[in-house]
Amino acid sequence: MRIGFIGLGAMGKGMAGNLLHAGHEVTVFNRTRSRSEELVAEGARIADRPADAGNAEIVITMLADDAAVEQVLFGEGETPRSAGASEPRGLIDSLPRGAVHLSMSTIGVALSERLAVAHRDRGQLYAAAPVFGRPEAAAAAKLFIVAAGDAAALERAQPVLAALGQRTFRIGDRASAANVVKLSGNFLIASVLESLGEALALVRKNGVDPAQYLDIVTGTLFDVPVYRSYGRLIVEGKHEPAGFKARLGLKDVRLALEAADAASVPMPIASLLHDQLLSAVARGHGDRDWSVVGRVVAENAGL
Amino acid sequence: MRIGFIGLGAMGKGMAGNLLHAGHEVTVFNRTRSRSEELVAEGARIADRPADAGNAEIVITMLADDAAVEQVLFGEGETPRSAGASEPRGLIDSLPRGAVHLSMSTIGVALSERLAVAHRDRGQLYAAAPVFGRPEAAAAAKLFIVAAGDAAALERAQPVLAALGQRTFRIGDRASAANVVKLSGNFLIASVLESLGEALALVRKNGVDPAQYLDIVTGTLFDVPVYRSYGRLIVEGKHEPAGFKARLGLKDVRLALEAADAASVPMPIASLLHDQLLSAVARGHGDRDWSVVGRVVAENAGL
Amino acid sequence: MRIGFIGLGAMGKGMAGNLLHAGHEVTVFNRTRSRSEELVAEGARIADRPADAGNAEIVITMLADDAAVEQVLFGEGETPRSAGASEPRGLIDSLPRGAVHLSMSTIGVALSERLAVAHRDRGQLYAAAPVFGRPEAAAAAKLFIVAAGDAAALERAQPVLAALGQRTFRIGDRASAANVVKLSGNFLIASVLESLGEALALVRKNGVDPAQYLDIVTGTLFDVPVYRSYGRLIVEGKHEPAGFKARLGLKDVRLALEAADAASVPMPIASLLHDQLLSAVARGHGDRDWSVVGRVVAENAGL
Amino acid sequence: MRIGFIGLGAMGKGMAGNLLHAGHEVTVFNRTRSRSEELVAEGARIADRPADAGNAEIVITMLADDAAVEQVLFGEGETPRSAGASEPRGLIDSLPRGAVHLSMSTIGVALSERLAVAHRDRGQLYAAAPVFGRPEAAAAAKLFIVAAGDAAALERAQPVLAALGQRTFRIGDRASAANVVKLSGNFLIASVLESLGEALALVRKNGVDPAQYLDIVTGTLFDVPVYRSYGRLIVEGKHEPAGFKARLGLKDVRLALEAADAASVPMPIASLLHDQLLSAVARGHGDRDWSVVGRVVAENAGL
């Protein structure tokens, strides 16, 4: 299939690679062009502008945040070009009728709903298919994918999703529902950072060895990587290099809270996480791994 | 070994049975005598008073709360007996020098420290060995045990612990540290009730099927029984019969907060859980399963 | 002075009237035209479109929320008109160079900063001058005004501010600072709703008469109208008619939290208020007075 | 009247002095005897033990905390005396039948209820009459008093209360209700510390001068000493010498939460205050003024 792939970050590069390996014809765009060039040997074509990746059956976006998606799709936030006002402002204007936009990065509910309307207005198809998994899982095509949106879009995207992940969960035709699921999943992980952080501060101040405590907890009730790996980062106070930066975690919690606000759902733990992550940023930890929440908790306890 | 076993609730009865099966000589006491009688066929002797179970090498307490432990050990809170003021007030006065008290139920840090002093003053040995696991695990000798206290006590208790659980974690000689670990473990479980409850309320109000959502979450990030089983109770709104009552969950969160207060550790999620469980009790759900926290969250969202 | 006044709600109408009484030449615009007509007898001219009020030395906006300000100033959110695409989209295009925009309603920091840039780009002057006071205070020219922005704008607006309020606090030349002060003031009031609500729930469940309790509190420590009047609304459970609707309170707390987010300031009480007001809306109280927060607190306590 | 007065701290000394000035016959007890001696010139007799102050018509306690009251009344917590086991253990055993115990310091609900039962069992009268006001108000007989308990006790205490305060609020015959009112009043003050602290952090990070901000807030909405004086302490970062220590504030919030727990009342702001004050203590501010809560808030914002 002819595929456009926009956004070659830690996740996107492995994903684009897997699409190439699966035999698809992939045109890639990345703001920093050198990332794109690394994929040429594997068969990728390079687009100079997002719009140039849009001449495809399916275009996948895997971008850092809502602003990046808005810029790529709608051309918003760009420095306006003096001349050429008539040329397409963003990807959405270059995508053919009937083509599919598959939004795979973590974006907000409001933006996803705006995209659904904008694509429908132009006769394009849209689905959200955010993923669970770290860069290694992306490279190994082991992602879990949560997909929702136009049935026809997801039908068409089937081989693409199969090439990227180990399993796809289909949850209906409202694309933004998939984004909510993704955001709530990140919220659940962040909740673990905070609750583990509190438990660890408590036991440390009671003379318990935190590493042994973590062994007990993950050897009994919570024998899963989220608890094991983040627990270890908190115990070791090792928040660099960041697997996922605190300021990105803050962004996702913010998006979860915006979705909660729109749906009138009080989420007191999410509110707390927002405050803790803000404090992490205010204390200078914004570029550290978001497990630094455990450090904020410890500092608040005088540790 | 000659063992006294006090408290034959849902957990204690299976545990006492396992000690009998392992060939120990067990004298049991339970406030409701009929529970004791059910163990006679398996070889148990029945004590009429807690103090009568105290003529043993090891006495195990597996009682409902701190008040029950205080009454059994110190005779506090009992209606004072008219005569016989000179007879032993509680178990602590009948336990021989050198005997071991193994406190296996979930009690507070302050009480555990008080017990440590009181036993030491009398030349008795004391260890705390609270357990993780539900009644079925207790009956199957599959408990996880966290043990701390006098080294000699734990040495002596080794065969007892082996007969009760699948693994014992030794964490030093300060008995109350084991109680902190147990309380913090229950805190972590309660945190899951709240965070899952919030996530479920959010996705429900965004049109996602909650059962499917739970499948996604437990099929990817959180593939452990705590998330699976409590998640299902929340999704199904099935809080009766109670596996663990909300008012007992409240008690444990209260004990965790008391430990946090004593150690100057702010625990904002624990504070939140305290408020949510208080609200559960205030709304009439005190005797429902503590997964009812998820219902409180949903009600607050207008669901 | 020639003044444009946009937004004749409960606050705006009294304010516009005071400007007329002070002898100014006032052109008013309101979405519902009948409100404007009521001011004609007092000398007001009526504008048919916001842009028509813009031919003035000073234009004042006193609108319901950020969206209304964006629509009036930038024409955003309006149904696009078929023809006439070349006519001015919003007030900002019809305001003369050198004219002053005085933004007096409660808006967010981000919007205020966007306005500052947009006006500067067009050679217009901008200041924010939000007010404290209820509709009666607005009608009686007893408002407290917090003003910040272009010094020249505030100089020129001096007689206007004098005609509207009893006192103006000047706090520098960054207009959005005045908006922050206003938002933080509403946050402080909302904090009183919650803290009083909690105290009242506590004493009620301890058998204390809540009206008498309020007398004690406001007769000793908190002898100010905020505590007296909101306290009485909570005690009497009288949340209709709404002086200030819960959904507007929610909006202001949301704006305060957005400002806090932008400045990396954890505000845990604001986060709590956001959740309580969301719950109020979710429970169907969105159009009741925001003192209904006290009812949410009471319901959570089973009252 | 013959009055025993126990506890000559910053508050108690002024109060005892006022009773002497009013012509009462006052026997005082204070753990540090030198404080008592300072009142001899004004006519006080000195008791060597609390029990010696008990030969009176009314005994007033004005002690630091629950533990001090328990020690004075019940002799608990004292190092046991070797001999003399038959001599009265505490004040409660030396107080004549029909005498009145007026508990005026800030104690918990549970202790107040225990005192009510203990006095009733001995044919003594009991009332709680906690006060609002700082040491200067105590010295000037300007306290506000909230009184509840045995009607006969309060009848008898009438001239005493008149000599101590500017106004007494009678709120029924359940003594502990007065303690709840006092605790909730301190909770309301602590809420101001936190909400003002949050507002000040927000405006500071937006470039607003905090002193000017405080002038605006207290010149408009919150023109009362609680906001003025605590606000100034937060703005100036002046938390020493302590008017009321953070660890005492923590104690009172803890007692409020215990009352809330007993009555099943979720108090999320109180829970937050508990965490912030714990953090203050953990960061080494326990002996600073409790306005240091504002500093904790600021530090969490990176200020």
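Note that the chains take the letters A, B, C and D in the order they are written out, and that residue 1 is the start of every chain.
Simple rule for what comes next: a contact is a pair of C-beta atoms (placed from the backbone, for glycine too) under 8 Å apart; a residue touches a chain by one contact, two chains touch by 3 or more.
It should be emphasised that the depicted structure is a prediction, and the values quoted were computed from it without experimental measurement.
Student: Figure out the least number of contact steps between chain B and chain D, where 1 means they touch directly.
Tutor: So the least number of steps between the two chains is 1.
Student: Look at the interfaces B-C and A-C and say which one is made up of more C-beta pairs in contact.
Tutor: Between the chain pairs B-C and A-C, A-C carries more contacts.
Student: Which chain's centre, taken as the mean of its Cα atoms, is farthest from the centre of chain D?
Tutor: For chain D, the chain whose C-alpha mean is farthest off is A.
Student: Need the CA-centroid distance for the pair chain A / chain B, whole Å please.
Tutor: 40
Student: Hey, how far is the Cα centre of chain B from the one of chain C, in Å?
Tutor: One centre to the other, that is 53 Å.
Student: Based only on mean CA positions, could you tell me how far chain A sits from chain C in angstrom?
Tutor: Centre separation, chain A to chain C: 37 Å.
Student: Where in chain D do residues touch two or more other chains at once?
Tutor: Expected reply: 260, 264-268, 272, 275, 278-279, 281-282, 300-302.
Student: Taking the touch rule as given, give the residues of chain B at its contact with chain A in the complex, in rising order.
Tutor: Answer in residue numbers: 109, 132, 144, 146, 167, 169, 171-172, 174, 176-177, 180-181, 184-185, 187-189, 191-192, 194-196, 198-199, 201-203, 205-209, 212-213, 215-217, 219-224, 226, 256, 259-260, 263-270, 272, 297, 300-302.
Student: Can you name the residues of chain C that touch chain B in the complex?
Tutor: 268, 275, 278-279, 281-284, 300-302
Student: In the complex of these two chains, what residues of chain D are touching chain B?
Tutor: Within the complex, chain D contacts chain B at residues 254, 260-261, 264-268, 271-272, 274-276, 278-279, 281-282.
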